[in-house]
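These are the structures in question, set out in turn.
Note that chain A is present in both complexes that follow, paired respectively with chain B and with chain C.
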Partner chain A sequence: MNYKFNWALIFSGEYGRWFIDGLSVTLQLSGLSIILALFLGTLLTTMRISRVKPLVWLSVGYIEFFRNTPLVVQIFFWYFGSDPLLPEFFKEWLYRQNIEFATGVIALSTYTAAFIAEELRSGILSIPKTQLEASRATGLTFLQAMGYVILPQAFRIIIPPLISQFLNLIKNSSLAMTIGVMELTYMARQVEAHTFHGFEAFTVSTLMYLSLSLLVSLAINQYNKRCLHVRSR
Partner chain B sequence: MTKMWKVALLMVVASFFLGLPGAFAGKLDDIKARGTLIAGVKDSQPPFGYVDENTKQLVGFEPELCAALAAKLGVKLELKPVTSATRIPMLEQGGIDLIAATMTHKIEREEKIDFSITYFPAAQKLLVKKDSGIKSVADLAGKKVGSAKGSTSEQNVKKAQPACDVVSFETYPEAFLAMKQGKVVAVTTDAPILLGIRNSDENPDNFAIVGEDIAAEPYGIGLPENDSDFRDFVNVTLMEMWKSGEYQKLYDKWFGEKTKFYIPLTWQMEVWP
Partner chain C sequence: MDAFVTWFVGLFSNWGVVWKNFDYLLVGAYPQGPLGGLAMSIIMAVIGIFGAFWIGLAVGLMRLSKRRWLSWPALVYIEIVRGTPLLMVIFWFYFFAPILMGRSVPETESAIAAFIVFTSAYVAEIVRAGVLAIPKGQTEAARGSGLSHAQTMIHVILPQALRNMIPSFVNQFVSLTKDTSLAMIINVNELTLSARHIYTRTMKAPMEIFLAIALLYFVICWVLTAFSRKLERSMSRYQARSNGK
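Up next, the complex of A and B:
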């Protein structure tokens, strides 16, 4: 072992700024994807329990497809594989934008939505069926009953597994580096390539991911306790 | 308890002494005693180092350079494939005796290993579609450029053209695919590597290597830190090869006019009197 640790190097000059830039991209990527995944997941669950057969099939097909293929394959498919399917005039405009970041958001949110949908369904199933029947009996439509009565309760029940999904998404966002999105892991590798101090570079990125994840789960738990007044089960 | 401490201490001291002989005997003696020179080369970077389709053997410019060094020492040659990420750690741990793997001689790398004199003067260029209208780095303003991670190419191009966006992929073939699809307008790295990528395409004539030298990338042989006898041997052998014309013959075989990787020999190796 003749490895000389050099922690100061990692924070010196532009390397420190690279880490901050990377963290900021990871935050944007994860934040946007979480919001989109929540919407898409809710939509899929609503379709799944709607009893309209084609919608159910569509939702089941989607969930099984996205849950059972590796995320990195999906990312490559969205980025490289989608090319022949796009019309020529649209492509030219699209590729001048930040297509790498956009592809990352699409891949992460469509993938995570499948998991969220399944968790939300189990949350809904845990609410007595009579509640839906009672709300329908008062004259609410199916969507109104879902929106005002069922979903608010279901979301509270699934907060713990939902936190896991958020944390998974934050960690999965590191895969976006395979298509050149300059997020935290990308930057850590960049610092490693320039300084040859891999131990320090990846320790810093590990600590950043760890604190980010802990902060997210702490924040949601606090929100759950303070604002929603849910007794811990 | 105290007894255990003593035993532990003894073991630590003993391990120091066991480590010493290897550290002080020169690499040259090690190689001669072993009877083989172990060289780290690339296995997918034609024509520098790659696996031949027919013979399944590691061949190329750099393996043959290593063969010349081994012949000079009178030992056999063993080739080990390395990547850009593994080559320096492997040399440091002693798994290989030297690195001949398209490695740019950079001052930062001197912290860990030593280098021979330059044996190949690569330069960073741009690979573009022929009809793209891009002629030089100046044309890259506001456009996206592809490269591979861990390379110096992306930093260099950013310095030469601050107004471009660099997108880094895992490998150069992926960067090339992104260029073919139009997601980036150019791929940038050392010109010989660009030639290799271009020739891998079905229609190499659709693409061109253009632009001024964005940065010099002089390739040197990576050697263990602080072993000047070994370094002298490698340097002197390279210069002798240059003076005897053996180097030019080797260069012509891999980069000459009749090859797919034609790069005119326009430089002079540093030769000490």
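Up next, the complex of A and C:
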């Protein structure tokens, strides 16, 4: 093994900045995607439990398809293959944006939404059915009952699994490098290509991912201890 | 309306490209050239889950041990791997296997090694949860009847725990099957890279090509997921009876 370590090189000049830029793109990508995924996931779950047959089928079909295909394939589909499916005005708007980043956000949020929908459904199923019946009986519509009674309780229960979905999302966002989004993994690759010091470059980026997931796990544990009075692990 | 009809017909007019190259999607250039496509994805997933089972079992049992020098390394391993994206693990193996081994390592091998290391951390957690789910009285009774700790594990706890873990293992295999698509990043010719090859060669019908491979992955993963759900249901019935609750 004749590999000479050079840690100073990795932080010298522009390379240090590249890592910070990559980390910031990773955070933007996952932050934006989790918000969109939450909305889409809530919509899917509401459809799923609505008892309107076509809506249920649509939601189940979506969830099963997106959960059972690889994210990379979905990213490629959106990036290369979605062109014939999109309406003209949306395409025009899209091409004025940063197309790689936008595709990454679309792919990550549609993928994560399917997982969030499943978590949310199990959260809702754990709320006694009488709650929905009682709120319907007091005169709320189905959507009002969901919005004011069921969902606020369900979200409280599923916050820990939601946070770990966010953690998965952060890790999954590394796949956006396959279409050239300059996030953390992409930048590590760039530094490796420029310096030939892959060991240092990948150590730095791995440590960045690890500290992100450590922070998120700490958040889950704190939440479990404080709010749910459950001893974690 | 006319525009809509043209658009709608257009969605179905390009599937010939997929059909003409379907054998390449399934087996790559085999038998004239190297194996690729779906066959390669499945082979990697099967070898990967087999390796990950044994390493995961060992790590999971280490994690459960009361001896610090066994449980701490296992904990660190599990937490590091689970906090790192798989893509990162693949790069680690791709760039450092040659340095460590002192010879060039084929991409397929380093990808499989990465899959094994990555998946075994998740398998270890399944094993841990499975063993912890067995009632404590079982261990106490086994130890009380004179078995050693190792004997208790091998003859009493693991046979029951492993059986209950089968659905989780199937789910992990589904995840791994999807994860094999990441091997394309280091040029392993599995299904996703085969699809990209076809697209690069024909420059036609990207929607159809990627939709087709998504369907291929979907059929495999969905059938397995349905199977594991069925197992889970039949097992929970069995358990409900055996616990007498």
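As a working rule, the second predicted complex is superposed on the first by the 202 of 233 C-alpha atoms of A that agree within 3 Å, B and C clash if a C-alpha of one lies under 4 Å from a C-alpha of the other, contacts with A are read in each partner's own complex, and residues count from 1 in each chain.
Everything that follows uses one rule, which is that a contact is a pair of C-beta atoms (placed from the backbone, for glycine too) under 8 Å apart; a residue touches a chain by one contact, two chains touch by 3 or more.
Not measured: the values here are computed from a predicted model.
Visitor: Taking the superposition on A as described, I'd like to know which of chain B and chain C A:Gly81 touches: first, second, both or neither.
Guide: So A:Gly81 only meets chain C here.
Visitor: Looking at chain A, does chain C or chain B touch more of its residues?
Guide: Counting contacted residues of chain A, the larger count belongs to C.
Visitor: Using the touch definition from the top, say if A:Lys91 reaches chain B (first), chain C (second), both or neither.
Guide: Touch status of A:Lys91: first partner only.
Visitor: Is A:Arg189 touching the first partner chain B, the second partner chain C, both, or neither of them?
Guide: Touch partners of A:Arg189: chain B and chain C.
Visitor: Based on the superposed arrangement, let me know which partner A:Glu100 touches: chain B (first), chain C (second), both, or neither?
Guide: So A:Glu100 only meets chain B here.
Visitor: With both complexes superposed on chain A, which partner does A:Glu133 reach: first (chain B), second (chain C), both or neither?
Guide: The answer is neither, since A:Glu133 touches no partner chain.
Visitor: Using the superposition on chain A described above, determine whether A:Phe202 touches chain B (first), chain C (second), both, or neither.
Guide: In the superposition, A:Phe202 contacts chain C only.
Visitor: Is A:Thr178 touching anything from chain B or chain C once the two structures are fitted on A? First, second, both or neither.
Guide: After superposing on A, A:Thr178 lies in contact with both chain B and chain C.
Visitor: Which residues would you name on chain A as touching chain B in one complex and chain C in the other?
Guide: Touching chain B in the first complex and chain C in the second, residues 80, 83, 177-178, 189, 192 of chain A appear in both lists.
Visitor: Can you name the residues of chain C that touch chain A in the complex?
Guide: My answer: residues 7, 10-11, 80, 82-88, 91-92, 95-96, 99-100, 102, 174, 178-182, 184-185, 192, 195-196, 199, 206-211, 213-214, 217-218, 221-222, 225.
Visitor: Chain C touches which residues of chain A in the complex?
Guide: So the residues of chain A in touch with chain C come to 1, 3, 64-65, 67-74, 76-77, 80-85, 171-172, 174-175, 177-178, 185, 188-189, 192, 198-199, 202, 205-206, 209-210, 212-214, 217.
Visitor: How about chain A: which of its residues touch chain B in the complex?
Guide: Answer in residue numbers: 2, 80, 83, 91-92, 95-96, 99-100, 177-180, 182, 186, 189-190, 192-196.
Visitor: Considering the complex alone, what residue numbers of chain B touch chain A?
Guide: 88, 92, 108-109, 111-112, 144, 146, 149-151, 155, 167-170, 174, 177-178, 181-183
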